[in-house]
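Two complexes, one shared chain (subunit A), two partners (subunit B, subunit C).
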Partner chain A sequence: MRLSPLSISVFLGCLIACISTCALVWFLFDSSWPYWRSFGLSQIFSSQWYPYESLYGLLPAIVGSIWAMFIAMGFAVPCALAAAIVSSEMLPCSWQNGLRLSMEILAGIPSVVYGLIGLWVLLPWLQNTFHLLTGHSLLAAGLILSLMILPTIMLMAQDALRLVPREQREAAKHLGLDWNQRLYRILLPQAWPGIRSGILLALGRVLGETMAVMLVVGSLDRLPQPIYNILAPAQTLTSRIGREMGEAAFGSMHFSALMACGLLLAVTAIFLSLFTQRNTPQT
Partner chain B sequence: MKIFLICLALPAFLLPAACLLYILWQAWPALSLELITGTVDAIEGQGLSFGSQQALWHQISGSLLMMLLACSLATPIALSIALFHALWASKRQKKMVLSLLQVLQSIPPIVYGLCGLVLLVHLLQWGISLAAGAVILSVIILPLLSSNIIHALERVPFEQSQAALSLGLSHMEMIVRVWLPSAWSGILTGILLAMARALSETAPILFTATVFSGIAWPESLFSPVTSLQTHIFYLAQEGSNAQATQTAWASAAVLLSLVLCLSLTAWFLRRYEESL
Partner chain C sequence: MFKSLSHIYLFIFSILLWHNAAFASERIAVVGSTTVLPIISQAASQYHKLHPDIIITVSGGGSGVGIAAIIQGTAQLGMASRETTKEEKTKLNGRINNITIAADAVAVAVSKAVYESGMHQLSLQNIADIYRGNIRNWQTLGGENKPILVIDKEASRGTRHVFAKAVLGSSHARADGASIISGSNNEEQSIISQSNQAIGMLSNAWLNDKVRGIDVLIDGKAISPSIKHVRDGSYPIARALHVLLPKTASPATQDFVKFLLSKQGQLIVKNVGYLPVQ
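The block that comes next holds the complex of A and B.
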């Protein structure tokens, strides 16, 4: 590589990117270190989070995050898959493009606007249907999240279904398989790797979503009682960070504990992304 | 079976339109030119409605300013990553760059916000400031932007760059004469999408860059701003106040239309590129 203005500036740009990435990781570790040092990993399984009494158990938020993830996936995956199948197998081509456009619009709505919809549409509805006190609940968070990840899964699944070779569809037709058999035996198995990576991508998004969840989840640092009670207010890792970051003093243990929540989120997201990459088909 | 599938798929077809229409319907009464340009007196509404009657102009300009700063910080760096990927990287390095970008993209934005809070706001003593928000947003959009530019450059036919190099053009000339003319629309699409992303990101700037109200125009890079995204959030917290509710819906509609402008332009650019 010869030294030219171009190569020097490219080198500088890459250097800045590398430095900022390293700084990111370093500061995440460094500022959550006091927390890990004085409490250790056992705090992950402690269920009490009272910052004013120096109790920093992460379990309620982790359980909340996992519940929100399952609820969101439970609603979004069947719906998005069905929509992808209907649009790529039943609808004419011109409709498909319109549908893609509307899905991209849905994907482009900022999360805080979803939060508004959740807060002023979903919560009153839940309140009336289940006779709750306020409607703030894990179920509301899950429903809003499922709305947010619907386009991600649907677009990836649609792409995967489109990539199934024409010959295979025609061969299946000539063998006399009916529509259901073709769907279950040819299309879905062929498209599954693509659909799976869409689902994993959406999982990462659910895990890291903050604003919408923060507005509807209720921010109560307690384990749901009993553990499957999804109609009670709860807390997720992201909503805890968002709620308490403003009031935690820099350098205090509270701050460090919140950084530990952030570290936990980042590590999970990184593992999820590496797992997705390993399982994504190379096209 | 088909009927069952269609029933399952119905929400996915109806919800986008329903969401958009609902937001518009709620925002309609409050949307007016006055709300945006601000002849409504800000001092008048004190107490509960404090800030909820302020004109949106400051919030809009704060958001746009932060977005533009973030993009102008991120674009050169993303370009240089993409050029490194296209010109000098070996096959292994290419794979590594792409996978690293994907990993960075998967990290939740709020984590970037936390790191920015520690490093920029506290350790570098920038305080809650426009600069901190812009830097954090630029780091958040960097992976998206660079992978978009990389893909745009990859779509330039290999033969063309080979021909250009064998004609004796330098790298710089090749980039300007061969790559830019055929990849500009892809690059522009990437930048527009990154802008839309920067505009809709809320959580990371909530405690690093913005305040609720009282700031008309940031005096310097190191003073706090007001932004549309966080304004919606603060208004949503006010709960029972009808005025605040209405303003929140109106700001949501304004924000949505800004984001949609960017992403729809990107969509049409992509269609235009595919039709070539």
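The block that comes next holds the complex of A and C.
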């Protein structure tokens, strides 16, 4: 390999990127270490979060984050995939571009705007439709998150579907496959790596979205009663960090507990991306 | 427009130079309680008219955030609507002057629909029962048959400390009957106004047509959260509003605090709706 200035700077850039990622995870681990050392893993299963009484139970927030993730992915992935399939297979070119443009605009809207839309439009609607005490709930958080990740998944899925060569579709037609078979047997398996990256990106955003979730989830540190009750106010890991980070003094146990929430989120994201990478068929 | 690279550099350099002139002025960052915020915002704009070279930025976050910012040195002036706790005092280590600039009442606020159904006063014990989850429906207290939407606040907020101390016994008391947790006065006000069965804690200057403050029953007497009752000490959920001035603060910051305590500053306090320091 020639050691030209270009190759050196490219290598340096790559090194900086890797070091930043490792430094981030190391920082999270280092700041949350006092918390893990004092309480061990037991607090993950405790449901009492009262910092002033030195109780730092993470269970309600973890359950809330998991529910928000499932609801968001459950709504967004089918809708976005459907939009991508319609756009790349059925729509004429000008409509495709129009849809793509509108999705890109949607993807660029700041998350706090989604939070305000949720607060002023979604919450009253939820309150009236389900006759709830208040619209603040995990369902509200999940719906707002699904709205935020829909453009991302749709755009990447559409790109992946477009990359499947036209010859594949023509060959399928010549073989007499109907539309269903063409979609499920030919197009989707070949476009799957691209679709999967889109879903992973969206998952990262769902796990990490703070502002919008904080405004609509209710921020109440209580386990949903019963566990599948997504219509009651609850807490997520990001909402808790958002609400309490300003007042936790740097270096205190409260700060470490909040960093532990961040570490859990980072570890989940890393684990999910590693897990899905291993299932890649090596082409 | 740009004929060459050197022209671009010249353009960027001249913009930076122009902005540098603005850096000669002093910036004071004020952080903390959203109850004190209206006073400081209005005082800051008036002060800026008198001293145009001093720029004051005011942000919220709550009393806890304000005190933490002063401890960490990220703000020049802190706002708090409660006393500093023991842990905070140890961390502050005598480095600040805690100056009272006003006093106000924490009103027990209810939605307009609740107020108009006849709920005009509650005893401290009733309010405590609502926040502990022992009373869940307005009907139990003589109102309409609606479940109570109990709005609690983040544990570090000054309003919450003062409310919890007067109603639940200790400033960090648990409120197991809470339905949701809100943050700033703004957020609480909008949640109460959007609902028709809510109860919450709100500084009395933030009450409006949709968010009504109810009287507190003490020994059979109904005491409203008005300035009059704060002055004579009869309203139980009242507190002093402070600014935290570090002892090493710049002369401009100290002058701004003097302005807050002057006649002009205290007139702003009165206009916002709080009790001026006499």
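By definition in this document, the second predicted complex is superposed on the first by the 242 of 283 C-alpha atoms of A that agree within 3 Å, B and C clash if a C-alpha of one lies under 4 Å from a C-alpha of the other, contacts with A are read in each partner's own complex, and residues count from 1 in each chain.
In this section, a contact is a pair of C-beta atoms (placed from the backbone, for glycine too) under 8 Å apart; a residue touches a chain by one contact, two chains touch by 3 or more.
Since the structure is predicted, the reported quantities are computational estimates derived from the model, not experimental observations.
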Subunit B versus subunit C as contact partner of A:A80, first or second or both or neither: first
Which superposed partner A:F250 touches (first subunit B, second subunit C, both, neither): both
Contacts of A:L116 with subunit B and subunit C, given as first, second, both or neither: first
Subunit B versus subunit C as contact partner of A:L163, first or second or both or neither: neither
Contacts of A:I19 with subunit B and subunit C, given as first, second, both or neither: neither
Which of subunit B and subunit C A:A269 touches, first, second, both or neither: first
Dominant toucher of subunit A (residue count), subunit B or subunit C: B
Which superposed partner A:P51 touches (first subunit B, second subunit C, both, neither): second
Shared contact residues on subunit A - subunit B and subunit C: 119, 246, 250
Residue ranges of subunit A touching subunit B (in the complex, touch as defined): 1, 4-7, 9-14, 16-17, 20-21, 23-24, 27-28, 31, 78-80, 82-83, 85-87, 90, 99, 101-106, 108-113, 115-117, 119-121, 147, 150, 154, 179-180, 183, 201, 204, 207-211, 214-215, 238, 241-242, 245-246, 250, 258-259, 262, 265-266, 269-270, 272-274, 276-277
Complex contact set, residues of subunit C against subunit A: 61-62, 64-65, 67-69, 71-72, 91, 147, 149, 154-156, 172, 174, 178-183, 190-191, 194-195, 197
Footprint of subunit A on subunit B - complex, ascending: 1-2, 5-6, 8-9, 11-13, 15-17, 19-20, 22-23, 76-77, 79-81, 83-84, 87-88, 99-100, 102-112, 114-115, 117-119, 122, 139, 142, 146, 170-172, 175, 196, 199-203, 206-207, 229-230, 232-233, 236, 245, 248-249, 252, 255-256, 259-260, 263-264, 267
Subunit A - residues contacting subunit C, complex: 50-53, 119, 123-124, 133-134, 136, 218-220, 233, 243-244, 246-250
